[in-house]
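Two complexes follow with chain A in common, the first pairing it with chain B and the second with chain C.
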Partner chain A sequence: MWLHTINPSIKLLAILTTIIVLALFLDPVLYLVFWIGLIIITFSLSTISKKTWALLTAPFLFMAIGYVWTAMLFPYEALLENEQVLFEWGWLILTEESLMRSAGLGMRVIVFSALSLLFVLTTKPAVFMLSLMQQLKMPARLAYGIMAGYQFLPLISEEFQIMQRAQQIRGVGRPQTVKERVSQWKSFVIPLLASAIRKAERTAVAMESRGFTGEPRTHWYREIPLRKRDAVFAALLAGLFIVSFTVSSIMK
Partner chain B sequence: MAKPPNEPLIEFKNIAYRHAEELAPVLSHLSFSIFKGDTLLLAGPSGAGKSTITMLMNGILPSNGSGVLEGEIDWFGTSSEKWKSGEISKRIGVMFQDPESQFCMTTVEEEIAFGLENLHLPRKEMKERIHYSLSHTGLEGFEKRTIQRLSGGQKQRVALACLLAMRTEVLLLDEPFANIDPLSRKELIETLAHLKEKLGLTLIIIDHDLNGWTDWINRVLLLDENGTIGLDMPLEEALHTHLSSFEALTVSLPLHLTLQKGNSQLYVLEDQWVKQLSISERSQLGDQLNTGHQKKEFGSALMELRNSSFDAGNQAILEKINFTLSEGETIAFCGHNGAGKSTLALLLAGLYSPSSGDLLLRGKSVRTYSLQEIRRRIGYVFQNPEHQFVEHTVEDDLSFGLKIQKLPDQEIRERTLAMLKAIRLDGFQDRHPLSLSQGQKRRLSVASMTIDDLDILLLDEPTYGQDAGSMKNLTDMLLERKGQGKTTVLVTHDMELIQSICDRTLLLSKGKVQFEGTPDELWELGEETLNQHGLTLPPSVALRQALGGHKHVASYH
Partner chain C sequence: MTAKWRLSEIIVLSVLAVVFAVVYLAFFQVGNVMVGMMGPIGYEFIFGIWFIVSIIAAYILRKPGAAFLSETIAGVIEVLIGNAVGPMLIVSAMIQGAGAEAVFAATRYKRWGLWVLMLAGMGSAVTSFIWGYFISGYGALDPGYVTLMFALRLASGAILAGLLGKWLSDGLYQTGVLNSYAIARDKKKGSYGKAS
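Let's turn to the complex of A and B:
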């Protein structure tokens, strides 16, 4: 789908720019409109599963609610003086401005998480690294190192599970308390690290033995192209921002 | 074989190498040449410096190590010092031992392309070469496959394809079969033989097993413990004159060579040897090889699986398995990778619970036993012994299980010391388990399980990556258990191990039991059926059939 085919470097730069620009505002209406637009873009132009997206958004949602809550309950006293009081109950004072501020903070978290997910869920790590080397001139040594490391991650988690089972068999009981769990993890760290280092060394030797010296490539087997659609994507985000900004201005 | 020697491709001139952190050199006074078209076997005990030689041969050392090199290495007639970094790897390629950690990309074609990009080839040529190398290694249609999901044998094929695509003239094979099953090994050796013939490659093979190689290796270079050359001569001559050196340096010989030990005339090729044997010699050998598995009656049922299935996620790994493990038997689970062998073993060990159906231990559901009770009866030795060590010294690790049982200190000490002697690790008690050699680690991991007097011991691929010596040791340990009337379950691809110690085999395929019977009955399924399940005939059975003993077996029914 369309979003998956956008050049990862452009996607990254466009999203980073959007995040910086959005951070200059603290406007819940703008954020809300932007967020709705972003969701429409995300789901109509990608194959991301709604379930995955919702699961990954959930923690950010809780974070946002927490933000709103604390900002509402414990505002800067100094700011409250000239503000419009909406609600007063004992020591709890809620002003219109503090409500907007906390809603803005909460929405900011949600919008940023939606932007990050848009990138993470539509970009393959290998393609991302290739694009970083091709468009942004990232050094080959670093990029291929990251890629090789990425291949290890599933191996390490698999090894962790095997170790858990192996220790269980030896009669090391399943950890019941948090303390036991921490001490079990501690006993796993050294062997896991040792095996990771060994694997990394072997891979480094294997890469070198195949003529890899870290010098830049002259030809790519897989070129990550720059196309019109990349500009369209950037324009889409910019357009969405302008719409959100306008809606928010009108509502004021 | 007596071709005039041409210009050497690789020449070691009085090489000595010492790792920075050690005083004694790994290699010393090493001089040899490798010529174009050579197929050389490089072997020797672990610690003899085989890996160091490999890395020196293709320039990984000394530039990437902190060791000290003396002497001179020449590549293609030019001193190694005059080669630019990375240049030599374009002509000398290496296939490594560990299939897991020699790749850096996700898919097969990207991985091959990685090497070609290092050669700065245009894209069109890369495409052609990828296609070429895949079709020569039997990997057509694998372009987009994810490497991590391939089997060990397939991964090694990918590694070979990577080298073929780079058109390296010399291939260094650094024990590439240590971690793969015997059928893949056999097939890979055939592929290599074919490629060598067709492309005129020079091969340097590091292996501790001569099985499958004898037909086309022309030279051997044996190293001794001190990293000096023990033997450097044509294979045939070496076998004729120094047969015992091979065993002394822990190289496994093919069965037909071991059987010829002490004969005045030695035949390197199995066919030739068999052809000249007299009828009486044949029948005598046939009897000698026939270990005669009789259907033995075993004691009561120790464990029973009733209609048990196991699912992982939505995938059924095991489907409705009915299986009884009898007291005192030694049984092997075999079949393809992913057939469900290990899952079945983990199920029996109580590490997994069946998704449906029941698992009985001595007639009672395992659920009625406490975890501790199960642990005291059932042990499991994992493929990689390193995963199982729980303590920081060999002695503590060995006695760990006894301490849990809160036995008196005196008894713990005595039993631990006795076991240390039995596994020849006395003197190592204060070492860290991870600092032991591969064979020692394996012995320790099995011993720390068996010291507990377990009723049932399960072992997952216990013979992977073991040399002849530690293999023998392991077999003895298992036979001793058998003698004591203990029950053992093996998950293995090692057909000779099955042949020599198992009473029964269970062949699994796609989560179902395909076959159940004695090893002899398994061999009668025929080579073709066995190959379909990733198995081979054990060498002794294959030889017996070649000797004409097959009829004898067939009349069994």
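Let's turn to the complex of A and C:
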């Protein structure tokens, strides 16, 4: 449960910093060690289900494979010149270093997705928005505007279904060709956007008539605190990075 | 940035961001399949769609910050919906929004023709590509291949964001829901000019 109670702003900043620092390296060993550490942290300190996590990671695995073979087929050739050739077949040349770079690009995708899941699966949307207002000083008008917009999500999808059924009742069949698909898409998107904008206006009037001015606040009904554990979390990520960096240096 | 905005403008901005956040996530699935099959270049064909909200929001509201904020909010909403690309989307959204915003700022928010919108889409393509070069490590790839990726992204930004964005906003304008926003003010001014 521990990860779920970290302040969302701190969690966000710590994870973003980690991603940017990791992007400075292209080292599959470092990434692998970091990834294993992340998995241990994720599952020992949170209540994320392993199944959900695996399902969400799967598409990135697929993407990582795309990166790996592209990097093998289209390497930066100037880099290959002074390197030990492991394998040559036609114009496909693989060196030890180019294999490491390819593996690095693929592992990077996987590590970044693990970091993202750590945030996304342990953070409640409303708490995240409140924390953005309280810690990162997002203007209240903007934050409540976003929350109001976010509330429309189910309404918009419901409206989409209503429109779909209305069309079916009037004898519009399921689209078969690409052309039909495009013209059907056209008949949905503008009405959906128009009704979303009307809803937005009504919401704005409702908020203002109830006295919402969006002045900066000093007191909150629900305070999102900054605690010691937030610093511990940031230190944990930093520590994991140092360990991975050391392991990778020793392996070289 | 939003101090002088009407609340309805802020909420319209958020609602546009919500709608397109869903579209963005849908295209992310498409992109994922394409990347798996074609490698990183698979994203480039559809990359422009991820800039479209900044074009639409700026074209409708015609205010400094509309392009940047709408894209950023779309990024925040993608995270709120809870997808696995997560927090990084907010940063890349800000970078994309800044590219389009820079183009609109260069016209001093006075020109809203098709060319400006297409250039704004390309502006997002430029900033997002620089960021992608760093974060996805394109330096390890063949420069010719990377140049091809960049050219595709520019074209995609101009067409899928600029052209499609203008077409959608104009369609939306015809429904009359935008009558109290800057797009209607400018368009009416234009049509009075023609009549006289």
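We adopt the following convention: the second predicted complex is superposed on the first by the 251 of 252 C-alpha atoms of A that agree within 3 Å, B and C clash if a C-alpha of one lies under 4 Å from a C-alpha of the other, contacts with A are read in each partner's own complex, and residues count from 1 in each chain.
What we mean here is this: a contact is a pair of C-beta atoms (placed from the backbone, for glycine too) under 8 Å apart; a residue touches a chain by one contact, two chains touch by 3 or more.
The model shown is predicted, which means the values in this text are computed figures rather than measured ones.
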item	value
Chain A as common anchor, with chain B and chain C clashing or fitting	fit
Contacts of A:R165 with chain B and chain C, given as first, second, both or neither	first
Contacts of A:I40 with chain B and chain C, given as first, second, both or neither	neither
Superposition-derived angle with apex at the Cα centre of chain A and sides reaching chain B and chain C, degrees in steps of 10	70
First, second, both or neither for A:K199, with chain B first and chain C second	both
Which of chain B and chain C A:I156 touches, first, second, both or neither	second
Touched partner set for A:S116, first chain B, second chain C, both or neither	second
Which of chain B and chain C A:M63 touches, first, second, both or neither	second
Contacts of A:V232 with chain B and chain C, given as first, second, both or neither	neither
Partner chain(s) touched by A:S187 [first = chain B, second = chain C, both, neither]	first
Per-residue contact with chain A, leading partner among chain C and chain B	C
Which superposed partner A:A148 touches (first chain B, second chain C, both, neither)	both
Chain B and chain C, minimum CA distance [Å, superposed model]	7
Overlap of the chain B and chain C footprints on chain A, listed as residue numbers	148, 152, 191, 194, 198-200, 203, 205, 207-208, 212
Footprint of chain B on chain A - complex, ascending	126, 144, 147-148, 151-152, 154-155, 159, 162-163, 165-174, 187, 191, 194-195, 198-200, 202-203, 205-213, 217-223
Interface residues, chain A side, partner chain C - complex	12, 15-16, 19-20, 23, 26, 56-57, 59-60, 62-63, 65-67, 69-71, 73-77, 79, 98, 101-102, 104-105, 108, 112-113, 115-117, 119-121, 125, 128-129, 132, 139, 141-142, 145-146, 148-150, 152-153, 156, 189-194, 196-201, 203-205, 207-208, 212, 214
Parts of chain B lying in touch with chain A, wherever the complex brings them together	55, 58, 60, 64, 85-86, 89-90, 93-94, 96, 98, 100-106, 109-110, 113-123, 126-127, 147-148, 162, 166, 346, 349, 351, 371-372, 375, 379-380, 382, 384, 386-390, 400-401, 404, 434, 448-449
Contact footprint of chain A on chain C as seen in their complex	2-3, 5-8, 10-19, 22, 29, 32-33, 35-42, 69, 73, 76-77, 79-88, 90-91, 134-137, 139-143, 145, 168, 171-172, 175, 177-178, 180
